[in-house]
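Every chain is named by a letter (A, B, C, D and E) in the order it is written, and numbering of its residues begins at 1.
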Amino acid sequence: MSEQIAFWILSAIAVLGALVAVRKRNLIHGVFALMIFFAALSGLFLLLLAEFIAAVQILVYIGAVGILLLFAIMLTERVAGDDGRRMTSRGWFWGLVVAAAVFVVLLLPAIQQWPTPEVTQAPDPSVEELGHKLMNPYVMTLEVLALLLTAALIGAVTAAQGMRKPKEEGSPE
Amino acid sequence: MSHTVNHESILGKFPGTNWDQEAGALIVPTVQAKEIATWLRDNDAFLLDYCSNVTGVDYLECEVKEKVTKEDGTVETVTRTEPSRMDVVYHLYSMQKQTGPLVFKQRTNREQPEVESLTPVWRSCELQEREVFDLFGVNFKSHPDQRRILMWDEFEGHPMRKDYTEPFDYEWEPTPHDEILEKHQRGKVIV
Amino acid sequence: MSSATAIAPNYELIQQDGLETSLLEVSMGPHHPSTHGVFRMDVKLDGETVVDLQPVFGYLHRNHEKLAENMSYLGSMPFTDRLDYFNSMTNNWAYALAAEKLVEIEVPERADYLRVIMAELTRLVNHVSLVGFFINDLGALGTPLLYAFREREKILDLFEQASGARMMCNYFRFGGLRNDVPEGWLDRARDVVDHFPVFLDEYEQLLCENEIILSRTQGVGCLSRDLAISAGITGPMLRASGVNYDIRKVDKYSIYDRFQFRVPYTDGNVGDCYDRFMVRMLEMRESIRILKQALDGIGDGPVLGNAPKVFKPKPAEVYGRVEAPKGELGFYLIADGTPKPYRYRVRPPSLINLTVLRDMCLGQKVADAVIILGSIDIVLGEVDR
Amino acid sequence: MSLLGGGIFKGMAVTLRNFVGSYFYKDRLTTNDYSWRPSDKLPQHAGEYPKEEGEQLRDTTTVTNYSRNFPMLLHDGSEPMDTIRCVACQICERECPPQCIYIEKSTEKKENAGGKPQFYPAKFDIDVSVCMSCQICVEVCPFDAIVMNSQFELSTPDRFGGLLLRRDDLLKSNDYYHNIHPEEAAARDKRIAEEKAAKEAKKKAAAEAARKKAEEKAKADAEASEGTPDIQEDAE
Amino acid sequence: MSLELIRDILVATVPLLLIFPTLFAFTTWLERKALARIQNRIGPNKVGVPLTRYGGRFSLFGLGQPMADGIKMLFKENIVPRDADRLFHLLAPILALIPAMLVLCFLPIDFPWINNIQDSVKAFMLDGAVIFFFAITGLNTLAVFMAGWASRNKYSLLGGMRAIAQMVSYEIPLVLSAVIVVMMVGSLNAAEIANAQAGWNWFIFTPWGLAAFIIFFIAALAETNRSPFDLPEAESEIIAGYFTEYSGFKFALFFLGEYIAMFAISGLAVTLFLGGGAGPGVAALPWLSVIWFLVKIFALIAVMIWLRGTLPRLRVDQLMGFAWKFLLPLSILNIFIAGSALHLLAGGRLAGLDEKQPILRQLMEGANPLVVAGLWIGALLILYVAANGLNQLSRAKVRPREYKYAE
C-alpha cells in the first residue's frame, strides 16, 4: 500500500518538474526544474529496489548533466528571459498533432491489455550482479564506450583551447 | 651629499638654456625640453636615468626690493615687479653613476600654462605630471593619459595655485567650534 | 607606451562568431579587504585573467601641501606623521633633514644616533607588517600577520615611551629631537633588538620554504631592471629588480657611513613578488645589525642643538631625501624668509611605485593582481597626501 | 626542496610550537584582557569625570605613564581658579596646527600663585574632536601651563557640545599631573625651580650690582664735592 | 505504510539531526579557540553567565560563544539584493544543507538505538553507501552555483564559477581513492567496509591505503572549500565569494552546511581508511566504537583547523593543475599498484574471502613475510617516486633563490 502512495507522489512531482522545465521563460529556473524531475526519477528507481541505478541517476544526471547545462547557460546572454521576446514558432499546430499521435501509440498496450512478455527470471538488481554482467558478456561495449568518451573529452579540450590563443609565447609557467 | 652634477657643458651644448644661480637650477625652454632630457639621459657624461621628483611652483606677480649698488658705490633699493610665472621642476639623478640631483626647470606663464611632457623620456613623470596638471592646471603636451589624479573629475579649479579661494563648504555642519569658525571668518582667511 | 584604452598588448581576445564574450568589469573598489586603504582598481577580467587595470587615487586626498604652506615650519611636523602612518619617524626625519639644509643647523652626536635607532626600528616595523599583510593577501588567515604584530607591539611600546605616542610620534625637531629618551629605554631597546633575530628565524621557517607561497609568488608580477629605473621605482622594490641603489649608501646622510651594513639585491633577471618579499626579509636582518652597532656606539650629551626660537630661513630652495622603508621619501622646500614655507612638496615613494602596477598585472590572474599590489607596499596616506 | 611537502610541514611545525607554547609561556600572549568593570564606574560624560583629585583610571592596564592624549591646564594650589598658571597669552592658540584651541582673555587682572596680578583665560575651550594630541602647545607654552593628559575614555552621547572641553573640565592640579606622568612632571618641576632660582640669583645679582653702583655713585659725588685732585685714582 | 517502518526510519535519522548540529556548535568553538592559540591570542572568552552580584562573570571558557553567534544570526537583518533572484537566493542555503545532512545517515556509526530497528531499514541505509555518498555530495556544487548566480554580484559570480570548477575536478580523485578500498573489501556496504578493518588492521597501514588516504584527505579539503583550497570564499580577492550577499540566518545555514559536510566527509574517510568504530577496548564495551568513531572524526577536523591556521591559498589554475596533473594520475597509478599487489597476495582466492573476518589478516597469514615486505617497500617506493616526478613535471622552476649583497 505504501509503495502506491509513494509512486503516485513521485510521478506527480516528475510530471510537474518536466512541465515547469518546459514552460519557464527563465533558463536557470528551467534547469533547476529539470533537476527536480531527475531526482523524482531516481526516487522511482528506488521504488523498484534498483538503488545502484538510482545513485548513478543522481550522480550522472544531476551531478554531471545539470552542471553541464549550467555551464552552457553561463555562456549565453539574456538568461533571465525577462526581455519580452515572445517565441511563437509558426509550426505549433503540427507539433501538437505529432504529440497527440505519440501519446496514443504509448497508450495502446494499456488499453487493449496486450499479452505482456513473461518475465523469465526476475532480474537481480543488486550491484554485484551488475558488475559481473558488465565484465563478462558486455566487456567489449564497456571498452568501446570508454574510448568514445575519451575522444569526446579530447575534442572538447581542443575546441576550448582554440577559442583563446594567448599570443605571448614566453609567458611564465 | 653624493657629488653634484656639473652643468657648464649643458649650457655650452644648448644655447637656449641658462642657469639660475640663486636656485641652482637649469632653466630650459619648453620647446627644447624633450630633446635636452633625452640627451641628458643617454649621454655618458651624465646618464641621468632616474627622474626622482616632478612638481609645480606658482609665482604670483610681486614686487621685489633689490639693493642695487650704482657706480658711485651708493646702495639704494629699487623695487622691481617680478612677472607672474609657473615653474615645473624636475629633480634628475643618475643611478649608474650615483650622482646628485640636477634641478631642471621649465617655465611658462600662468594664464595658459603649457609645458612639454617628459613621460616618454622617464616613465616616473607619468603620475607626477598628472598631479601637477590636477593641482596647478599646467597642460602637458603629448602626455599619454592626462587626467585628474587626486581630485574627482568634475572638480573645477586648481587648489595648489596661490590665488585659489576655497568654494563654500556646503557640507558644513553646526559644530561646537562654530564660535571658532566665526573667529576665523573675522580674523585671517586662509589665502 | 601602454595607452589607457588598449587592452593588454600581449593578449588578443578571439571573438568566436556569434559568441561575443564581454569582459567582466570588476571595480576592486575603495572598500576592498586587500587594497591596504582607500584605493580602487578598475579591473577588466576575461574569466580570471586581468586584461586591463586602471588604478584610481584621491579618496584620501586632503592637500597636505596646501596646509603646510599656510602653517609654520614646526606646525606641519605633526602632519608628516600622517603621510605614511606606518613610519612616522622616517617621515619626520626626511622633513627635518630638508629643513636643516635650509638653515645649516648642526645636529648633536646623541641626536644623530637616536635618529638612526628610531629610523631602523621603524624599518623593522614596516617590513614585518608588510610581510604579514602580503602573506595575508595570499590567504593565510592572519597567522603570519599576528606574529608580525606581536613583534610590532614591542617596538611601538618603545616609541610610546620615547615620544609619547605609538604611531603619531612627532618626535623630531629641526636640529635634534624633542626630548631625550627616558632612562632604561636603551636597555629595553637592546632586549627587543636581541630577541628579533629569534623571531625572524621562526618567521623564515614558517614562510620561506612553503611550497604554496613559492608557487604563488614566483614568476608573478615581473619587473625588469630598466623599466624599474625609468619608472622611478625606489626602495626594496628597486633592489628586488636588480639595481643596487640605497640612499643610505648613496647620500651617506646623517651618520650612516659609521655603520657596516650590507644592502641585499638580486641579479635583476626576474624581479617578481618573491624577490620583493625576500629582499625585505633580508633587509630586516641588516637593520638589526645597524641597531646593534648604534646601541653600542651611542654617547651622552644634549639632544636638541642650537635651534633658533622662531624658524625663519633665508630665501632658498632645497631637496632633502631619506631611505624610507617604502623607498625614497623626499621633501622639496622653497623658503621666502617668512616663517611659512613658500612651496612644500613631498615626493611619495608609494605613489611613484604604483606607476608600474598596470604593467605588472596585465595577463596575470585576479589573485595575482592582489598580491602584486601587496608586494608594492603602498600606504594611502602617502599616495594621496 | 628535499621532501615533497617539506616546506609545508616545517611551517606546520612552527604553528604547532606556537599552539603548544601559548599554553606554557604566558609572555607570548600579548593581548592584555581589558579588565571588566561594573557599569556604575564607567565614565558618563567627559566633563564631570573624576571630580575628586588624583583619581586616575588605575585598573586599565593599557595606559603607560608615557602615553599622551588630550591637553589639560595646570593649576598649583587646591582652588583651581586662584592658582591657574595660564595667562591667556594665546601663543598656543596661534601655533596649534589643527586650530582647535579657543581662548578669550579676561578683561581685568587677578592675583596668581606668585602674587603678581596676571590675566587669566575667561574662556579656554579645546575641541577634542579636532585635536590630534601632537603636543605642539606644550612645547610653545612659555609658562608650563598646558601639559598632556592620558585620559582616553572621552566618549560622549552628544556629538557637538560633549566633545568641546571647557576650561573647568581641562583644569587639573599639579599633583594629579605627578600622579599620571611622574618622571615628566618631576623633570618639569625641577626645570621650573631652577629657572626661578636662576631668576632670583640674577635679580639678586642685578639688585646687588644696582646697590653697588649706587654706592660708587654716592662715593663719586662725595669725592666730586671734596675737590678734583684725585680723579685719576678713581679711573684705574 | 506500516507504522513500524516509519518509526524505524525516524529512529534512524532524527537523532542524527540533533547530534551533528550540536557537534557543529562545539566545532566552531574549537576552531576559534585553536586558531586563536596558534596566533598567540586567547580566543573567545567574553560570552558567559553574568553573575552581577559579584561583578565578575563565569565565562565557561567561551563555550557560550557559539550560542551567542547562533542567536545573533537569528536576529541579524536578512538583506536580499534588489535585483537578486529571490527564489533561488532563498533556496541556495537550503540546498547547501540538504545533501550534507542527507549523507550523514550513510556513516556506519552503530549508535545504541540503531541495532534494535528492522534490519531492512538498516540494510537499505548502508547498502551501496559509498556510491550514494558521492552522488549526493555532488549536489553541493549546485547549491554553490545557485548562490553565486542568484546574488547578482560580480564577486559571487566569480566565486560560484571557481567553486564549480574546483568541486568537479576534485570529485574524481576522491572517488578513485575510495575505489581502492571498495576493491579490497569487495562491497559498497559501509558497515562491511568498517567491519573488514576490525582490530588494528586498518587500510591506512597498507602503502596503497596510505597513499589513497592522503589523496582522499586532500580532495576532501577541496570538496568542502577548506584551507589551502578555500578559493570560492577568498576574502582577499573576491570578498566572500558566493556568500557575499548573504546575511542573517541564511549565512548561518551556509556555515552549518559547510561544517556538516566536513563531518560527513571525514566520517567517510574514517570508515574507509581508519577502520570506522574499530579501536582498543571495543570488543569489551561495544558502545565504545561510537566514541572511537567521533574521536577519529575530530582528529581529522583538528588537522583541517591546523592547516587553516598555517597555509595560504592556492591560485585557481594551480588548483586545477594540482587536481588534474598530480592527484588524478597518482590515484590511477595507486589503483594499479593496489590491484596487482592484492592479486599477488591473495593469489586468486580473493573471491573466496568471507566478509566477517578482517580482510588484511586473512591475506597476511597466507603469504610468507618476504613477499609481503617486498611488496610493501616496492609499492611505497613507486608511489613516492611517481609523486616527486609529477611534482617536478608541473612546477619544476619553483625553488628558494640566493641573493647578492652590496657592501
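Here, a contact is a pair of C-beta atoms (placed from the backbone, for glycine too) under 8 Å apart; a residue touches a chain by one contact, two chains touch by 3 or more.
Predicted model, so just to flag it, every value in this text is computed and none were measured.
Looking at subunit D and subunit E, the chains in contact with each of them are C.
Of all the chains, the one whose CA centre sits at the greatest distance from that of subunit A is D.
The greater number of contacting C-beta pairs, out of the two interfaces B-C and C-E, is seen for C-E. When chain centres are taken as C-alpha averages, the shortest distance to the whole-protein C-alpha average belongs to C.
Mean C-alpha position of subunit B lies 64 Å from that of subunit E. Measuring from the averaged C-alpha position of subunit C to that of subunit E gives a distance of 43 Å. Separation between the centroids of subunit A and subunit E, computed from CA atoms only, is 29 Å. Distance from the subunit A centre to the subunit D centre is 82 Å, each centre being the mean of its Cα atoms. Of all residues in subunit A, those touching 2 or more other chains are 173, listed in ascending order. Residue numbers of subunit E whose C-beta contacts span two or more other chains: 38-41, 309-311, 395, 397, 399-400. Residue positions 1, 8, 11, 14-15, 18, 28, 30 of subunit D are each in touch with at least two other chains. Those residues of subunit D lying in contact with subunit C across their complex are 1, 5-8, 10-11, 13-15, 17-18, 28, 30, 64, 66-68, 95, 97, 132-136, 139, 148, 183.
Those residues of subunit A that touch subunit E in the complex are listed here as 1-2, 5, 28-29, 32, 35, 51-52, 55-56, 58-59, 62-64, 66-67, 70-71, 74, 80, 127-128, 173. Contact residues of subunit E toward subunit C in the complex are 35, 38-41, 154-155, 157-158, 162, 228, 230, 234-239, 308-318, 395, 397-401, 403-407. Subunit E meets subunit A in the complex at residues 1-2, 5, 85, 87-88, 91, 124, 127-128, 131-132, 134-136, 138-139, 141-142, 145-146, 149, 161, 164, 168, 171, 187-188, 395, 397.
Of all residues in subunit C, those touching subunit D in their complex are 71-72, 74-79, 81, 143, 147, 150, 153, 157, 160-162, 164-166, 168, 170, 178, 182, 202, 205-214.
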